[in-house]
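Next, two complexes with chain A in common: one pairs it with chain B, the other with chain C.
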Partner chain A sequence: MDGALNYLIILLVLVNFLALGSSQIGIVIRLSAIQGFLLGLMPLFMEGWGEIHIPLLCLAIIAIKGLLIPSLLFKAMRDVKIRREVEPLLGFIPSMLLGALGTVLGLVFSNHLPLLPLHKEFLILPGSFSTILTGFIMLTTRHKAITQVVGFLILENGIFVFALLLLQTMPFLAEIGVLLDLFVCIFVLGIILNHIQKAFSSLDSNKLTSLKD
Partner chain B sequence: MLYFILLVPLVGGVAAYLFPSNRLRPYFLPLFSGAQLALVLGVVKENSLSAAQGWLFLDPLGKLVLVVISVLFFACLVYAPAYLFKTPEKSNRIFCACLLFLLAILSLVALSRQLELMWVAIEATSLVSAPLIYFNHNNRAIEAAWKFLLICSVGIALALLGTFFLGYSALAGGAPTTLMMDDLVRSAGSLSKPWLHAAFAALLVGYGTKMGLAPLHTWLPDAHSESPAVVSALLSGALLNCAFLAILRVTKILHAAGEGAFADRALLGLGLLSIAFGAVFMARQRDFKRMLAYSSVEHMGILVLGVSMGGIGIFGSFLHLVNNALTKGMLFLVSGNIYGAYHSKSRDDVSGAIRRLPLSGSLFLAGFIAITGSPPFGPFVSEFTILRATFENHRFAVGGIFLFLLMVVFIGMGNTVLAVCQGEPSNEAKATDFHDTFFLTLSPLVLMGIVLLLGLYIPGPLMKLIQGAADDWGGTR
Partner chain C sequence: MILNAVIHVSMVLFLSPLLLGVINKTKAFVAGRVGPPLFQAYCDLAKLFRKGMVLSRTTSWMFLAGPWVGWVSVFAASLVVPLGHHRAPLAFQGDMIFLAYVLALGRFFTASAALDTGSSFEGMGAAREVSFSSFAEPALFFGFMALARLSQTYSLSEMVLGENFKVGPEKIASLILVTIAWFIVLLAENSRIPFDDPNTHLELTMVHEVMVLDHSGPALGLILHGASMKLLLMGALVMDVAFPWDPSGLADWFMFILEMALLAVLIGVVESFMARLRLKFVPNLLVSACLLSAFGFILLVR
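And now, the complex of A and B:
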């Protein structure tokens, strides 16, 4: 069973690279949906079927991260009629290289933090760190507001992977935090996206430059 | 009792949302925040109140922050109706509801003993303040609200990660796995050190973003300058202080675990950096609301600096928390009046504010003198106390840099403030139909009076409140 969880995490990291290297916003959103499904499967292998709330949690994650939020993002994408991320601050290949560097750093960093023997065989820590860094890279180097929202989603996915470590000892807390946060945040961000679009008739957060010193 | 402190503004917010009349709705604001203030003042004397299986509690530090929030909200919400009536055609439904929700959530931050609950509350503050910042519905307001949401969401996500790290440090160290403040402080010795360090770093960056500590403050000038005056006053006086409270809670755990030196070094660095950023950006700042926003960055730095010094610095910092909230709140309210008369925030267009608005203009000038730490106002006492703490700790370099930066701030800020206040108002400004009215100047005047009083004499109950908070928080070192 442990092996399966590690495979899921490796898949998650691969999806990170695909997201960093893709210019089609639709594909990036789909990739984040795939990450949502992967995350939804992870608690099963962590905990087994022992407790009733675990399968419920999995269903909730798949429903929210895998279906609801991607469909909201797709709707936003259709509304504003943009498909591609153009000329990111950092090109797609350099972003992927940076993502790879982040993964290596994640591996190094996680060696310095002592894990319980129970958790040692999992790749949770490096997987989590590299996903968080991927989210950061997307947030900071992309211009389109939608891509930035996806970047934020990926960052949160990385945090959720870490929360797996606390699932046994602090049930609910970790989960509620992540889900509530995501749910409302994206909702509000979505509303703002609409307003940006109305006011600037484009979804380019690069145009948000009138406020500076 | 604690439930009522949260419920009154919450119910008020729902009622304001459902209430149909746009003209009468703003009166809900002073009504419900007044009721909440009365409740808060009612529990000030109580010790160790708790509710909801200990998830809510009233400790001395939380009490201090709660009192500051409630007083500032009441002052600002008395001002709010007159402010909203300037644009009677604009719907204020969401605005009024969100203001009261913000009061409820900020009170929850001050009252929560459970770190996860505190995190949820701070997250919720972002969500309800975004519509407040966006109230003016123009391009600049959207930009400010978007930056605020995105940057604060990332910050808050990091704070969540830090909270998880903290939980794992308990797990890895074999301590009881809980995120209750008291339990964590009690079992701090057995927390796993590497995880605790990682947790502190993530929490400091996360909540520091919300608090506006440099270099994580980038959302702050935009949000403060583009939102309505009432909102700017509340953001800088209440919201930032709540983020500071969160940082204080976490720092306390570090101190209890014997890692206080690590935490203090980080706080000292961020504090000095914030003061420096504030000073540099305040000099030659043409937009006077942005200038006030950078002044908030500076003062958050001063708070953190005071705490990192320990001893008397903690008292100074907590006193400064009160002083800064009241002075800055008053300055933002007055800046709203000046904007109302000139329809501009730039010192290029605004001059002669004292002539055009005798009361607001004079208050703006007096507020500037107070906030830059000149006697006889409150901030002088608190900044002087913090300065004394640096010298008592033999951190002469720190004290020297602090003093130098305060001087730079004084000159830079004075430049803009004098340009705004002195001289002759332009003809367009004379032609606008805006005048100081009773309710537009009442709150700033009262706040200014309190700030002056605090510089001359600190009333007994307040002294006890601040001293109690400083003793309770600093007791672990």
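And now, the complex of A and C:
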């Protein structure tokens, strides 16, 4: 059981690298959906999931992060008719290398944190740092607004992995609340994307800086 | 011990062209063709060694040194690679570094011979080959570092002995990562499809084939045989990590042959279902291989 969670986290980190290295927006959205599935499986492999609310939570995560939000993003992508991220601020290889560096630093850093002995052997902290940093890199270096939304989603996935440490004490209501917030947020962002596309005929967020009233 | 060494060397020398045959048969099967016979590579080699050579007047001794040094270096490298967990004929501490750089030496001479022809076309191929292999080398070395960390030794033969792989489930993840990374390196180093198409000639996008365009006859035969030996030895590295069971005398040699056939079929399937990458994206894939094996190493160090 202990090994399985680590495998899931390793897969999560590999998906991070892939997401940093691919230029097609469709692939990046699919990768974030895969991350949603992985996140939904993770709580099952933590200790003490006998409580009834945790399987429910897993189902909710898979449904929202793995299916609902990606389908929303796909719809947004079709509406704005953008397929590729061309020439990001930081190239694909440098951003992959930066993500790898972040993973290494996360591993080093998490060895120095005062964790519970229960959590010591898990890769939860490094995986979470790596995912947060991946989301951050995507948010800051990509030009297209839709990739930035995916970056935000990946960043939130990282925070969720971090929250696995608090699984036992985290109330059901709070988790569901966070998921709902995220869903509404992506929903609103999808609508905003459409409006940006209509108003400026481009999703390049750099052009938004020259906004005038 | 001596028997094993004899089997090792004869397998490297005589079995390796069969791998090309298996790959081509697999590709033909997937495409629904009959394809060349399984032993086509042997026939090609026999034909080439009986032919004469055409030498350009602009070339120097370097042009002939290229194929020779290339062949000898691959053969020397194959002596330190354990085939199927049997101890290699040559094993010493640090032979993984010997392996990597003796292969690099052969590549240096092949590239120099290509430059020696004075053709700008061949120079382009040499530049590509050298720059791609510089991306592939870190992936190979991170894998070596992971294995060295796991087995506490710097000798390839001791690294892949079965007992070093009897490790906890969390170590297996990094072995899988190294295997995938090395498979990508194998495809790149042997100029297989996502990186280079072994079937095309006279195209502006090719990498390895363009360097040997001016060689003919026995020199080309040496190059072909060297390439097939290189495929065998890189494949042995990948398969040793992928299938960690103990050596058990002669039966293990048959296991090894089966493993290599499996690998050849796998390469054939990859070649059938993938198109060649655009040159721009080749470094991306190689850097991902580096990241995979580096990640595998880091997981072990933690």
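Rule of thumb we're sticking to: the second predicted complex is superposed on the first by the 203 of 213 C-alpha atoms of A that agree within 3 Å, B and C clash if a C-alpha of one lies under 4 Å from a C-alpha of the other, contacts with A are read in each partner's own complex, and residues count from 1 in each chain.
The definition used in the following text is that a contact is a pair of C-beta atoms (placed from the backbone, for glycine too) under 8 Å apart; a residue touches a chain by one contact, two chains touch by 3 or more.
All values reported here derive from a predicted model rather than from experimental measurement.
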### Query
Based on the superposition on chain A, does the combination of chain B and chain C result in a clash or a fit?
fit
### Query
Of the partners chain B and chain C, which touch A:A63 in the superposed model: first, second, both, neither?
neither
### Task
Name the contact category of A:F17: first (chain B only), second (chain C only), both, or neither.
second
### Query
Per the overlay, which chain contacts more chain A residues, chain B or chain C?
B
### Task
Go through the superposed model and pick first if A:I93 touches only chain B, second if only chain C, both, or neither.
second
### Task
With the two complexes superposed on chain A, say which partner A:L101 touches: chain B (first), chain C (second), both, or neither.
neither
### Task
For A:Y7, select first, second, both or neither according to whether it touches chain B, chain C, the two together, or no partner.
second
### Query
Touch check for A:H112: first (chain B), second (chain C), both, or neither?
first
#### Entry: Closest Cα approach, chain C to chain B, once both complexes are overlaid on chain A (Å)
20
### Footprint overlap on chain A, where chain B in one structure and chain C in the other make contact
none
### Task
Show which residues of chain C lie in contact with chain A when the two form their complex.
168-170, 173, 177, 283-284, 287-288, 291-292, 294-295, 298-299, 302
#### Entry: Complex contact set, residues of chain A against chain B
112-116, 132, 136, 139, 145, 148, 152, 155-156, 159, 162-163, 165-166, 169-170, 173-174, 176-178, 180-181, 184-185, 188-189, 192, 195-196, 199-200, 205, 208-211, 213
### Query
Where on chain B is chain A touching in the complex?
116, 119-120, 123, 127, 130, 134, 138-140, 142-147, 149-150, 153-154, 156-157, 160-161, 163-164, 167-168, 171-172, 177, 179, 192, 194-195, 198, 221-222, 225-226, 281, 285, 290
### Query
Which of the residues in chain A end up touching chain C in this complex?
3, 6-7, 10, 13-14, 17-18, 21, 92-93, 96-97, 100, 103-104, 107, 111, 121, 123, 126
